[in-house]
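One structure is given here, and the rest of the page talks about it.
A, B, C, D and E are the chain letters, set down in written order, and residue numbers restart from 1 in every chain.
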Amino acid sequence: MGAATVWSFHISPAMGFQQPELARIFVWHFPCPILATVLLLLGGWFSANYLKTKDRHWDERAASANELGFIFCLLTMATGIVFSEVQWGAWWQWDPRQTSFLVVLFIYAAYFAVRGAFPDPERRASHSAAYALTAILPALFLIFVFPRLPQIVSFHPSDSILKGKIKGEYAYVVLTLMLLMGILSVWLYRLRVRAGLMALDSEFNNAELAIGSSTSTPTGVVRPVRISPEDGGSA
Amino acid sequence: MNSGWKAEIAAVFGKELRSELRSRSGLTTAGLFGIVTVFTIAFASMNTKLDGNIAAGLLWVAVLFSSIVSLPRTFVTEEEQGTGDLLRQWARPHAVYWGKALFNLAQLGAMSLILSFLYLGFTGLDLKIAWLYWLTLFAGCAALAGAVTLTGAIVARAANRSSLAGAIAVPILLPIMAAGVAGMRAAFGSGFAESGAMSALGLVGYAVATFAIGPWLFAAIWKS
Amino acid sequence: MNSGWKAEIAAVFGKELRSELRSRSGLTTAGLFGIVTVFTIAFASMNTKLDGNIAAGLLWVAVLFSSIVSLPRTFVTEEEQGTGDLLRQWARPHAVYWGKALFNLAQLGAMSLILSFLYLGFTGLDLKIAWLYWLTLFAGCAALAGAVTLTGAIVARAANRSSLAGAIAVPILLPIMAAGVAGMRAAFGSGFAESGAMSALGLVGYAVATFAIGPWLFAAIWKS
Amino acid sequence: MGRATLAGVLEVKTLGKRFAGRWIFRGLSFDLVKGDRLAVLGPNGSGKSTLLKVIAGLLPQSEGQVKLPCSDVRKCLALSALEQSLYPSLTALEHLDLAARLRACESRAGSLLKMVGLEHASDLQAGHLSTGMKARLKMALAVQAQPAVLLLDEPGASLDEEGRALVEAIVLEQAARGCVLFASNDPSERRLANLELRLES
Amino acid sequence: MGRATLAGVLEVKTLGKRFAGRWIFRGLSFDLVKGDRLAVLGPNGSGKSTLLKVIAGLLPQSEGQVKLPCSDVRKCLALSALEQSLYPSLTALEHLDLAARLRACESRAGSLLKMVGLEHASDLQAGHLSTGMKARLKMALAVQAQPAVLLLDEPGASLDEEGRALVEAIVLEQAARGCVLFASNDPSERRLANLELRLES
């Protein structure tokens, strides 16, 4: 990571930007939204799995993925804001890109609001899963489609990838950094999931302890009482 | 089978309609909000000429908000009355979702019609492309109804329903509104017609998607 | 005696607060709601410059929205949960009205503070007359809270006549909006300052009146 | 009594329900055959209603399974509970029609209302019915679909003499059709049962 | 028995209630003194709950008057009804505190919860209480203010043996303080009364 950072400061200034030497932030700015998107999609996938198999491990995974995705959204926003100060000379002006991405932040903030609203774990899981799946379509629309709509006038570049404007050493830096951040996020994700699952299982164990060792003794048994005539008839 | 579904959906729809007509709290609140909103906007823009852009935005704010005000009640009421378990016993989730979503659509459609007439009347805007206006409006309402029914179901059992409803519904619905605004702008003659048509189509697509996927998601939360 | 009233009002207020914040995310959700609301407004007026008039109108629509959203929770919920009779047995109507109205006011006040800061920040409008802005805003919130609480009671109790409730509520709410918009316009520098100040004072008067008369009207509805 | 020879109507296997880490009941296993009338007994808060709700599929169980004779719950199971509320603005008749349409069974509204003694109240909104009248309506709704498994939560409570006689009639009629479980706090209702399940709190 | 010599606690004069043009009851006049325990009987739908609600001032009467010993209803009258629901998201403790603050009486929450046997459930939200536990909480709320007039609508319903014993205790305790009216469908509760009022439907 550090090495890549150093490298990113030695590379040739990015072409096509007003203040090339400052535009290096781009190598940080670009991977974030991509990773965020991937994580959010993963979150959706895990949520779907939860709804299929009511297994709360999937819920933990979904929560973790969405949390991490949310963090990367924040990073995107942060770098983006810095970037726009550098390039457009203002921290914030209502550029559709900024606006739409802000909504994405809201959408995923709301995901955690939903989780917080349900104390009962099963209910929390199913409700937040349903919400996450509802959210994906709008989120993707806001991240990728909306800023590119013809009637939207945005200063935000949208074709530097498609038209391959990023090339040479610069591209390598972007790619390696993306790779590194990818690895980092995988690592964080696995940590988070392990922690979550541990908490989950320990909760189950406590539940076992709650009724002492009697894991199998039934709390009640059906026993017949005196048989009345009409029952004899039916039997 | 198919006719079976129809009958069940119709039954849910009818039930909603009947109870709403007997205690009109939902409609009242929404209508109340809509009217006062339109009036406010009209008053605010009294001696200033509205251009298409703002006008479209204002109209959609009104539609979006009044949908959020009234629609979540469909499920919140069930839970607060304690009648949710009746429906859970009697009906299949898909029928519940469709019935309620369609009712919401009807309610929202009616309301946005009233809003439109008041609005166009007050502000004296002229529609350049009428069909685009109505297409956008109704596609938008359908998308809203589908999505809000779902959000209503999600918040129904939360302790802080009212604010949660706003918090999760608005961002989910903003894309709808964005597309709606784009369409309306075109209809009001500012912005490109074809892009407006595009976003109207987008709305139709979104509506279809919600009504197709909605029931499945709904089923998952309804029975838990 | 006086302290008695205070305690009772505080009790009702606390009860509302507790049931709203019962869930872990209560406050944050409320905040999110406010943010999202104002954002919608800003979004609607996407990359078009707002003038003071429209801005005032939009802001008030937002405030109205957040007040109406909490409207059902005040009394409709009581009746639908079937807890109304508890309050009727335990509390004196005035305490109920004041408790609920103050809670709505607190919620609305907090909300409109968030709204204002974001809104002014986002739209980059500059306040010509700051004090007028804040005076209008809070007087307006107070008036709205008082009026909405009353409306909520009517909507909830007058079950089948609740369209009538709407008919009553509209004229109650319209003056507030009108005065509010006028005040804000002036604060934003369009329109005459003194007329703005006038309407701000009007709002203050209206608010006082609502909180003074409200309990009596309320008592009449509540006990029947 | 040759129970084994009869086809099982309801099978419950190691059923358990946990609320907030606390087991309400656990490891319940029984299976009922045609004609069985199981009384679920136990002090307040012992989990009777919870058990019935779990069997009815209104609450997810924490472990174990419930096996019903048919796949479609709407058709082969019905629950009538004291706590259950009705749609305040719908009339008794409308309730029966709605349920019938949703469950796709024929609504014998007239005869049912007559049976539970509400023929005069058929057009009263449920919000205007008395406690006992609501209880009767709920019973009518429960037996409407002629389910194989009938669940009654405190059927006798809030009913007068005539009403309790009605409960007895319904329980016996149901026993001829399938099986019935009823939760009860009223010792006098134990006589309706041929099986008992006592839950401890 | 020298009733006349005793101070009247509750006076009801030619009380009548009409719903939609139909008289539920009419011309009821009675007058209760300290120690009286009036059982309101009658079939389902005969107007027992309505009568209690009218006396409690929750429903306006169509004619006649109800005279209470003191002016402030909150202090000298309390109703606990089977149909009454509680705030689902408030705990038992919070209910008692809220009621105490509103009625300006001291909240003996601890002892009351102990008396009705909910000491362990004091922090459970009411929405998570069982029917019988709710009934117990409602009784605790009713006696909290030590009212002169106590109204109980079907107190025994949904309560177990222990609960019914509790009801008896409360009725007798109340008789020492003032008078109590209870509506009941359970014949075994008649023994708690020294007076009976039978409503016909």
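The definition used in the following text is that a residue touches a chain if its C-beta (ideal position, glycine included) is under 8 Å from a C-beta of that chain, and two chains touch if they have at least 3 such contacts.
It should be emphasised that the depicted structure is a prediction, and the values quoted were computed from it without experimental measurement.
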Give the label of the chain whose average Cα location is farthest from that of chain B.
E
Between which chains do we find the greatest number of C-beta pairs in contact?
B-C
Counting only Cα atoms for the centres, state how far chain C is from chain D in Å.
46
Report the inter-centroid distance (CA atoms only) between chain B and chain D in whole Å.
38
When the centre of a chain is set as the mean of its C-alpha atoms, what distance in Å lies between chain D and chain E?
29
Cα centre of chain B to Cα centre of chain C, whole Å, reads 23
Among the residues of chain D, which ones contact at least 2 other chains?
42, 60, 83, 85, 89
Where in chain C do residues touch two or more other chains at once?
19, 22-23, 25, 29, 32, 36, 39, 43, 46, 81-82, 159
Would you mind listing the residues of chain A that make contact with two or more other chains?
103, 106, 110, 113, 117-119, 122
Touching chain E in the complex, chain D uses residues 19, 42-45, 49, 82-83, 121, 128-133, 136, 154, 157-163, 185-187
Spell out the part of chain B that touches chain A in their complex, as residue ranges.
147, 150-151, 153-155, 157-160, 164, 167-168, 170-172, 174-175, 178, 182, 185-186, 191-192, 195-196, 198-199, 206, 209, 213, 216-218, 220-221, 224
Residues of chain C touching chain E in the complex:
4, 7-8, 10-12, 14-15, 18-19, 22, 81-83, 85-92, 95, 223-224
Over in the complex, which chain B residues touch chain C? Could you list them?
22-25, 27-29, 31-33, 35-37, 39-41, 43-48, 50-51, 53-54, 56-58, 60-62, 64-65, 68-69, 73, 77, 80-81, 158-167, 170-171, 174, 177-178, 181
In the complex, go through chain A and note every residue touching chain C.
94-96, 99, 102-103, 106, 109-110, 112-113, 115-119, 153
